[in-house]
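Chain lettering (A, B and C) follows the sequence in which the chains are written, and residue indices restart at 1 in each chain.
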Amino acid sequence: MSRPCPLSGHRPKVGREKARVRVCRGGPRRRSGTPCLTSAAPSVHNRVRHGVLDLRIAIALLALWTLLSLPALAVERFPPPDFSNHQLPVTTVPPPQFAANPYVDVALLALALALASYLAIRRRSRRGLFLLTIASLVWFGFIRHGCICPVGSIQNVTLAIFDRAYAVPWAVAAFFALPILFTLFFGRTFCASVCPLGAVQELVALWPVKVPAWVDHSLGLLSYVYLGLGVLFSATGTAFLICRYDPFVGFFRLAASANMLIFGACFLVVGAFIGRPYCRYLCPYGALLRLVSRFSKWHVKIPPDECIRCRLCEDVCPYGAIREPTVATAVTERRRGRRRLAVLIGLAPLWIALGFWLGTRLEVPLSELHPTIRLADRIRQEQTGRVQGTIDASDAFRNTGRAPADLYRQALALSAMFRTAGGWFGAWVGLVVAAKLIHLSIRRQRNDYQPDRSGCVSCGRCFWYCPVEQAKQGWIQEVPGTGPLFGENSLPAEQAAGRKMDLSP
Amino acid sequence: MAAQAKPVHLGVLIVAVVLVAIGVGAVAVWRIDWLGEHGSGLSDSFKYDLQKYQKIDPALFHYHLVAEMPIDMRDPRAIAIGLGDQILVAGDKAIYVYSPLLPGEGTGTSVSPRPLGEGPGVRAAGPTKAGRAVDSPHPNPLPEGEGTTKTISLDSEPYSLTVGNADHAFPGRIYVGMWDHVETFAPDGSHLATWSKLGILTSVACADKVVFVADAHAKVVWEFNPDGKPLGQIGRRSGSRQGPMFVVPSPYFPIAMGPDGLLRVSNPGAHRVEAFTLDGHLELAWGKPSERIEGFCGCCNPAHLAVLPDGRIVTAEKGIPRVKVYSAEGTFEGVVAGPESLSPNLAAATETREDLRLHPVSVAADSRGRILVLDPVARCVKIFVENQK
Amino acid sequence: MSHQQDIKRIMHRRAFVGNALRVAGALGIGGAVAGLTVRKGEGRPWVWQIDPSKCIACGNCATHCVLDESAVKCTHSFGMCGYCDLCTGYFHPEPIALNSGAENQLCPTGAIRRTFVEDPYFEYTIDERLCIGCGKCVKGCNTFGNGSLFLQVRHDRCQHCNECSIAIACPSQAYRRVPADQPYLLKLREAKG
């Protein structure tokens, strides 16, 4: 009686044992007789304990039990031969091997984040950040095989919100939340030297070139679109798109399909010239952190003291995240800018509405990814004779003995869901575009060269190269040149280039 | 001049490299078969293929399909022919009794010709709806008028079925093999008795005074008198080698009674049909394992047996679903139905559907020599008639 | 002077409001995520597993795993096995002889071992080091036999990808997440006596 009920998974409580025994003893307890439905009994028994009612419940339960035990009989297994002297081997069930204990994992993540924040903001140590990057690459990448990472955890959290049957494991939830919390206070220090995907790109950013601003801005929108798609497909329980197209996880596992390895290699080749292409133009978690980082309490600063406007930082930033000081504009220009801003803000709802409308049109291509809809399509095509022959999926469906009409009903409901989801996705894209346009039209005032809070990944190169910092650290005697030096570097080009490769002070 | 041209070239080169890398990456990702639509990519040596054995030489077919009688059951499991060629089908905790088939072609009796393809079939108030004559140049033998004459309801799922014939001590008495016991019913459908519990029952058969019950768990055939009194058993070795004679690795262990007074028992693990006298002596045994048409395929076959009025044996196999006819002595004569005439996904269905695992096609033969095949996937009885010589 | 003090006060207030908002945001995110975790279950980890009643042994498991050698292997429920001499999961459909000759074996990698138990029974065990999870034997066993051979994700090999590559390619949607403390969907948990 104390066996755990295989259906409900509950171990019956001892205190309620007595009543249940009474119910079951009368029952035909033969064969697979595991009293499953007794888990339904406690709440009833608490209310009615004695007398006729009790008996009636017992009879009802008995009837239910007989009913439930019949299918069990139907699939009853045939016994093995009665060997005279042979012990049946036991089927081995090796338990799951996780790369790390979740407690250790989350603790290490928190530690790495704290260390990265300290190194970037307090200690201002590029070397420390670099070493931490390598350590993170080794641990979160190659030892833990890059899975699960905060980037992918977006989908687990989304699925948990929309799918009542799915509970996100607490370690995954922690992986999702911790970097966001740290970013809220310290900027994207996670991207700087904790994320293994960022780390691998950080290492290959050897000959970075400046991406034209308009390309950078437009490609930057992609990551928000990708975030939208990732959320859409995980919310509908269709796919974990972000994990599927993770370019570097194959390297971390040292095993992947050849095509995914080529894909990752291509990213690295591009990354040699365009710094962190995945982080800047695709990473959906990066998109989230960019939003959060705007409101961070602290953030890396380039010059510790007064900026000498040497532009070294701008030159050295591989990610195009340094914003130059603004120049004063004429009043008429400012007025025009304000008018433009007003128009753009006014147009924002229109963008969103347009996006929603266009998104609902995406129902068919989006839903194609859902296995049930794909299957329903295939079955319909086979039934109407539009395709010849069957595939594994349609054969498997027929073997289940389910009626196609039932499948079509399910597919239709899913389609409707995708229409709504597509609409929200479109609205999100509309919002992103509108926000980008508005953001570009807002005029800001900057006196110094400053990192763009959303684009900056806190890698620390800028303050590493800053002459003011170097002088402060005592690495050089004095700040070369004084005053604003627009248009030319204060250091000879060769020297700057030489320093780029050389990480030791 | 050269110094100025150099950075331009470098820039072009970088752009080119980046574009090529993006292109290669895009193509690489595009070509991944995420959904497995192009199959596993394994070579043929990794594929399990029975195609070769599923093709049967058309010349070997000695029977042809003349009609299909749909059975309105979720889960039909057993078929038997009753007195006067009534058709009994068991399943869904019930037994449906259908009126006999019309005398058809190939039986020497003339029938009034009816238009092809629109035979009225079984038009019943009961569980069945219209039957369907198969497109063939032969008259439709489906019974006319009220199809189901009665329904007997059962307490649990039936697995096997037999009816006492005219020679039986109680003609028309219905013996139903449940999972582990036998229930008996009078010809009018009233319940007679519930016999004591045995192991896993797969088949029942009856001679004039004896009822045989095949028990796949004990691997013996029990003998009872018609009232359920144990008489003995067949299949237990005596002498130095103890233990069962039958190799029964799975719950397929059919028996059938022949007009020659011998009980046919399938020894499925040995791929043999054995004939026993009523007192349990092995008279003859035949059959060999082979995927080829004359043998019994795979494992645990034949899975069902029936005996024609002239004493020939009808065997039904699972795995590669096929129904064949052998002479009483075991000479292969011809094919009744193959994978093509039986439900197309029967073989596949037994792979995945656990509820179908316990009852592959079952067969019965009526007094006119027509073979009735119960197809549990198509949920119908397929009626086959011997080709005219 | 007082102007500067005003500015200072405003800045101070701004910083306070900002900090308050940040703390509120952090608490909100942390609370929401924690709530999601504990809403159902204890936030236990999940692993991927094949439901053998849905599996059609199509062979995709062998080739679509991210590992070079698939984590899916044939698993044998010994309590279900018929211990047949002619095992259709072990032998080629038309074997020349019922022995362990390579020409008679169904398994392309020779991963099934056949040992004599007692007349007429033989025991079949899987050598996981050789099995690639193609499911050929599973089909042979299911087509004719008891279905005691079936495919399972072996969790000592599985990488526990967040999205299982084989699950995407599974034509019968047989893959699903199962709690990591009950990581197998065996056909028969205990052999019936």
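We adopt the following convention: a contact is a pair of C-beta atoms (placed from the backbone, for glycine too) under 8 Å apart; a residue touches a chain by one contact, two chains touch by 3 or more.
Keep in mind that this is a model prediction, so the values were computed, not measured.
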- Chain whose Cα mean lies nearest the overall Cα mean: C
- Message: So, comparing C-alpha centroids, which chain is the farthest one from subunit B?
- Response: A
- Message: I'd like to verify one number: the distance from the centre of subunit A to the centre of subunit C, where each centre is the average of its C-alpha atoms, in whole angstrom.
- Response: 22
- Which integer distance in Å separates the CA centroid of subunit B from that of subunit C? 34
- Item | Distance between chain centroids, defined by C-alpha means - subunit A, subunit B (Å) | 52
- Note on the structure: Residue ranges of subunit C touching at least 2 other chains are 54, 56, 58, 60, 82-83, 146, 165, 168, 171-172
- Message: Multi-chain contacts only, two chains or more: what residues does subunit A have there?
- Response: 76, 78-79, 81, 244, 257, 391-392, 395-396, 399-400
- Residue list for subunit B, restricted to those that touch at least two other chains: 34-36, 39, 249-250, 348, 351-352, 354, 357
- Task: Would you tell me which residues of subunit C are touching subunit A in their complex?
- Result: 18-19, 21-22, 25-26, 29-30, 33-34, 36-47, 54, 56, 58, 60, 66-68, 75-83, 117-118, 121, 123, 125, 146, 154-163, 165, 168, 171-173, 177, 180, 183-184, 186-189, 191-193
- subunit B - residues contacting subunit A, complex: 11, 14, 17-18, 21-22, 24-25, 28-29, 31-32, 34-37, 39, 156-157, 179, 200, 216-217, 249-251, 345, 348-349, 351-355, 357-358, 377
- What residues on subunit A touch subunit B, complex-wise? 70, 73-76, 78-79, 81, 207, 209, 244-245, 247, 257, 259-260, 262-263, 265-267, 269-270, 273-274, 374, 391-392, 395-396, 398-401
- Across the complex, what residues on subunit C touch subunit B? 53-64, 82-88, 93-94, 106, 108, 120, 132, 134-136, 139-140, 142-147, 165, 168-172
- Report the residues of subunit B in contact with subunit C in the complex, numbered from low to high. 33-36, 39-42, 45-48, 50, 53, 247, 249-250, 269-271, 289-292, 297-301, 318-320, 347-348, 350-352, 354, 357
